[in-house]
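What follows is a set of structures to go through.
You will see subunit A twice below: alongside subunit B first, and alongside subunit C after that.
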Partner chain A sequence: MIVAGKEASHMLRDKRQEYLTALILIGPFVLIYGALFVWPTIQMALLSFTKAPLIGPGDWVGWDNYVKILGHRLFHAAFWNTAYFVLLTVIPNTLVSLAIALAVNRLKGWQQGFVLACFFLPYILPVSVVFLTWNWIIDVQYGLVQYVVRLFNGGQPISLTRTIPLFMPSVAFVTIWWTLGFNVLLFIAGLRNISPEIYEAASLDSAGRWRQFSRITWPLIWPVTALVLTIQLIAQLKIFDQVYLFSIGGRQDATIVLVQYIYKLAFQQNKGGEAASAAMLLFGMIIILSVLQYQLLRARGQK
Partner chain B sequence: MSAEALPRVAEASERGGRDRAIDIGGLILTIITFAAALAAFFPIYWAIITSVKPDGEVISGSNSLWPGRFSFDSYIHIWNNTNIAIWYVNSMVTSLIITALVIVSSAGCAYALSQLDFPGRRVIYVLILACFMVPMQALIVNHFVLMAQFKLLNSWAGIILPQLIVPVVIIVYKQFFDSVPKEFREAAQMDSAGHFKILFRIYLPMNWGVTAALAIITFIGAWNAFLWPFLAATGEATMTVPVGITQVKDAYGIVYGKQMASAVAAGLPVAIVYLIFQRRVTQAIMLSAGVKG
Partner chain C sequence: MADIVLNEVSKSYGAVSVLEKVSMHIKSGEFIVFLGPSGCGKSTLLRMIAGLEAVNEGEIHIGDRRVDQLPPNQRGVAMVFQNYALYPHMTVRANMSFGLQNIGTDKAEITRRVEDAARMLEIVPLLERRPAQLSGGQRQRVAIGRAIVREPEAFLLDEPLSNLDAGLRVRTRVELAQLHNRIKATMIFVTHDQTEAMTLASRIVVMNNRRIEQIGTPMEVYSRPASRFVAAFVGSPSMNFLAVTAIADKGGRAAVTAGGSVIDTGIAFGALPGPEGLTLGVRPDALRVAADGSGSLTGKIDIVERLGDRTLVHVRLGDGSLVVAEDAGNSLLEPGMDVSLRPDGAATHIFGADGRAYHAG
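For the complex of A and B:
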């Protein structure tokens, strides 16, 4: 009886010790995520219902900001420009990345290492380096790309970032160049997971390259393709950096995207409340897509 | 073995003609692949080459692929006429502190989630998953307000704090800690080792490669960050390199060579980190995308 009591108190002390350890280990996380994630998120939700400047108090106006923004022409422009950018980047990037991954995967040794490094290197560069580099290459006066432009434009140069219809396709092209390395890596990992025996069996049946791809590779790589598509979809919805940088000095309202719209409301027009409600709308869109992505990943994990 | 090998040999000689045809196709594919790879690398090459050309040559329209004369005037100019040295210090300090804090806090949190039983475990796990879904870009307004309230704008702390939210590091650590066999911990506990000792002497050293991969990718992410440092640092003295090089243009004259020099300077640290730790970077990207590499 006494022994049992002693053991119980021992276990209790162990438990308490465990809680204390957990508290110390979790502490920094709770502090950081509480102060910099939970708190700002709550504040954002509250701010979105007030007519407030960026910094300072404001009156509670209910859903007014949302109504105002949803009727705002610039919000519509931002929404459709973002959708257009997503359309121009997500699927082309995925197809190009898959093609590159297939091409890289059949190489061996140093050849593979070299080619992969060439395609991947841009991905680790800061966005402003990408911007400066391409801004120079497409420069209207001395840029190399103008050789090509002149061919198609009767010898006349065109500014690709000041000509509104060319802006998004140009920025999308640069974005694909910049980010495809990431997708290529995921595809190569996927391709390596396909057992070589399946291909051997197919080549005994003398299946051609295309049949091999369409009957074996494509269906087996589809889960990775779906992952790449959703990761990009979410990433490109949050686009800001390149679009903003390339639009400096141009007609920014014509090429505005959603995050840029939030930026403009908050930091250029000092409308904190409206900016917060625009942020809430973006937030909603991305959460819906992220839940879909999570389900997709879980479905893959269960296989 | 031999019974299996025989028909293969027969078949190989039968299909010899076709194999050779495929080889030519394969060679063409290899050549196209190499050409595409060089084309992908070309913009970076062009930026580097432009940065070491004299200004006159850059705007002469000759566009030669190799400089007629190497000139480091562009680098000297940005060193003398911009705050790039200060931006470098700002970027280095903030990126290193972010990396250290993220790794330490995430490893601790992941260990507790993986190995300890305590109230609120589920709540914290859900919070991390929720964090995955919330776009940091949407939080810029309230991060700015918060930093302004604490007078942290234009300071290292102001640049660092909102960038400490990197939930993927916790998730990856937790997965790896989960897969460490329980016997290791139980044996250590028999020797009455505390949890801190177990974490730092067993769990972290066993997952040293993961730590390296996560630290490298966190550092690259922090160095490359644009939107938040761009908002938090408005004074030239507090900017990071990626922000600074896009903001200062007036002092340049003929800008191209100088802009390329600043681009090369900004990209160099991450390019070096990548070239040295290629395998780790690849591994980290696979892990953070939820793909076992």
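For the complex of A and C:
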């Protein structure tokens, strides 16, 4: 009994020590996260209920800012432009990434590494470099893409970023080119998790290529697909850089997206309160949509 | 059911040869075991029959069809993989039905076959579960069930028992033998475990180093091994080998000097090559302790292993070589005692320097 009691007190001390160690280890993160993320977020939420400029205090106006923004035509434009961009990127990017991953996965050894590196390379480029590169490629006077454009436009070049209906598809294309490397990587990891023996069993079970994909590969990488779709959704709802860069010098309001709208309110019109309200709306949208989507996709996977 | 014929089948990966001119004729309904150490090519050979590995040279026939260029599903074989390779996202029923659905089998027929197989393997309560919810032994049964429902010409089993714990392995072994008796199908079973091979096989194919060493019934392989490799690989405890220093003709039979003594064998003297590089082989069950001290080999006991029904005695002979001999279960021998051993001349073997075997009678 004495031995047992000693052991218990020893364990208790160990527990306390463990808590202390844990606290020391996570302390810096919690502090920085609290000071640089949680506190500003609370401040922003409060700001959204005041009629304040970007810097300095303002009067409490309750839900006025929200009511005003929800009736704002530019907010509606930004909302629909963002939705359109999400539609153009999230699912296409996921499908293209999966197709590339399936192809890359068939390669062996150094060839696989090389091709994978080629697809991943754009992902490490900063957005400014991506913008400049593609701005040259699609340039209306000497861009390479214009050779293709002319084929479809009776020999005439078109500016892809100054023609409003072509703007979003063009930026979406560049975005997919830029970001698919990471998704390919996730899919490859998922595909490597599937034992080759399962495909051997399937080939003995008379499953052709398509049956193997639809009945084995697709269900088995569904969790990765759900993850990729969710990451994409969050990233593309927050779209700003590419759209902003490609629209400089043009009619920015026609292609405005939500983050750009917030930027405009805050930094160009000095309406801190309204910008905060718009940011809160976007924040809410992202949370609701991504949680909803992830739950929905997970449920589908479990069926 | 059909015969399986391999005709000078070879396989290499680039310059590395893994199988050289392997030929055999497997009769319909036989239980054939490919036995050999890791890397001998036995699994590769099985996978070549299944169609999962390409055949570089030679022919494979199943029934009256040449199959070596056909895709796996057209060969009429079913395979049970070492790690079972069940589809993790499908229920047991779906796992077993998948192959039949792919060839457009009628729904009622699929249900009937799956349920028949499930009853035979006693996995009916598991049909709606997924592989992750099953134990190793249950997964094993599902893998066998998936093979059975396809009603194949032959079952190919790649070390199917190696992932089971010892007790379950013995039980599953017995059940596999019963299953074979019931469905009378041709089965090819790959293993490196000589006990599995001895207990299950109608014939054993002993393989080593890219080639077949011997094809024979378990007792042929045990009592008349074709080479020193087979003699050493089959049988537990392993056969004793003693270097031969001289041979003499004793009434047409060879009398060999080994382990410091002269041993009379039942092997015809005329058949043997010269004495250089010969080895005498005698199994522990043919090397008994002579209680009256009249044996031809003498030595000192090193270790005594009591197995209950018999006792294994490790003896160091006069020339320093170590042999394992057998004594009765109630043996009173202790380590350190001097002992006399009597080899059974009719059950001795002599191996040439090239590994070739010579037997008595």
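Assume the second predicted complex is superposed on the first by the 258 of 303 C-alpha atoms of A that agree within 3 Å, B and C clash if a C-alpha of one lies under 4 Å from a C-alpha of the other, contacts with A are read in each partner's own complex, and residues count from 1 in each chain.
Going forward, a contact is a pair of C-beta atoms (placed from the backbone, for glycine too) under 8 Å apart; a residue touches a chain by one contact, two chains touch by 3 or more.
Keep in mind that this is a model prediction, so the values were computed, not measured.
In the overlay built on the shared chain, the residue A:V148 is in contact with neither subunit B nor subunit C.
Touch criterion met: A:I55 reaches subunit B, while subunit C stays clear of it.
By the touch criterion defined above, A:L292 reaches neither subunit B nor subunit C. After overlaying the two complexes on the shared chain, residue contacts for A:I91 are found with neither subunit B nor subunit C. Of the two partner chains placed around the shared chain by superposition, neither subunit B nor subunit C is touched by A:V67.
In the superposition on chain A, A:A254 contacts neither subunit B nor subunit C. Once the two structures are overlaid, the count of subunit A residues touched is higher for B than for its counterpart among subunit B and subunit C. Touch criterion met: A:L220 reaches subunit C, while subunit B stays clear of it.
In the superposition on chain A, A:F240 makes contact with subunit B only, while subunit C stays out of contact range. Taken together, the two complexes place residues 204, 206 of subunit A in contact with subunit B and also with subunit C. Contact residues of subunit B toward subunit A in the complex are 11, 15, 25-26, 29-30, 32-34, 36-38, 40-41, 43-44, 46-47, 50, 58-59, 61, 63, 101, 104-106, 108-109, 111-112, 116-119, 124, 127-129, 131-135, 137-146, 148-149, 161-162, 164-165, 170, 194-196, 199, 220, 223-224, 226-227, 231, 241-243, 245-246, 256, 259-260, 262-264, 266-267, 270-271, 273-275, 278, 281-282, 285-286, 289-293.
Across the interface of their complex, subunit B is touched by residues 18-19, 21-26, 28-30, 32-33, 35-41, 43-44, 47, 54-55, 100, 103-104, 106-107, 111, 114-115, 117-122, 124-129, 131-137, 139, 141-142, 144, 177, 182, 185-186, 189-190, 204, 206, 209, 224, 227, 231, 234, 237-238, 240-241, 245, 259, 262-263, 266-267, 272, 275-276, 279-280, 282-283, 286-287, 290-291, 294, 297 of subunit A.
On the subunit A side of its complex with subunit C, the touching residues are 195, 197-198, 200-208, 211, 215-216, 219-220. If you check the complex, the residues on subunit C that touch subunit A are 50-52, 71-73, 77-79, 81, 83, 85-89, 98-99, 102-103, 146, 150.
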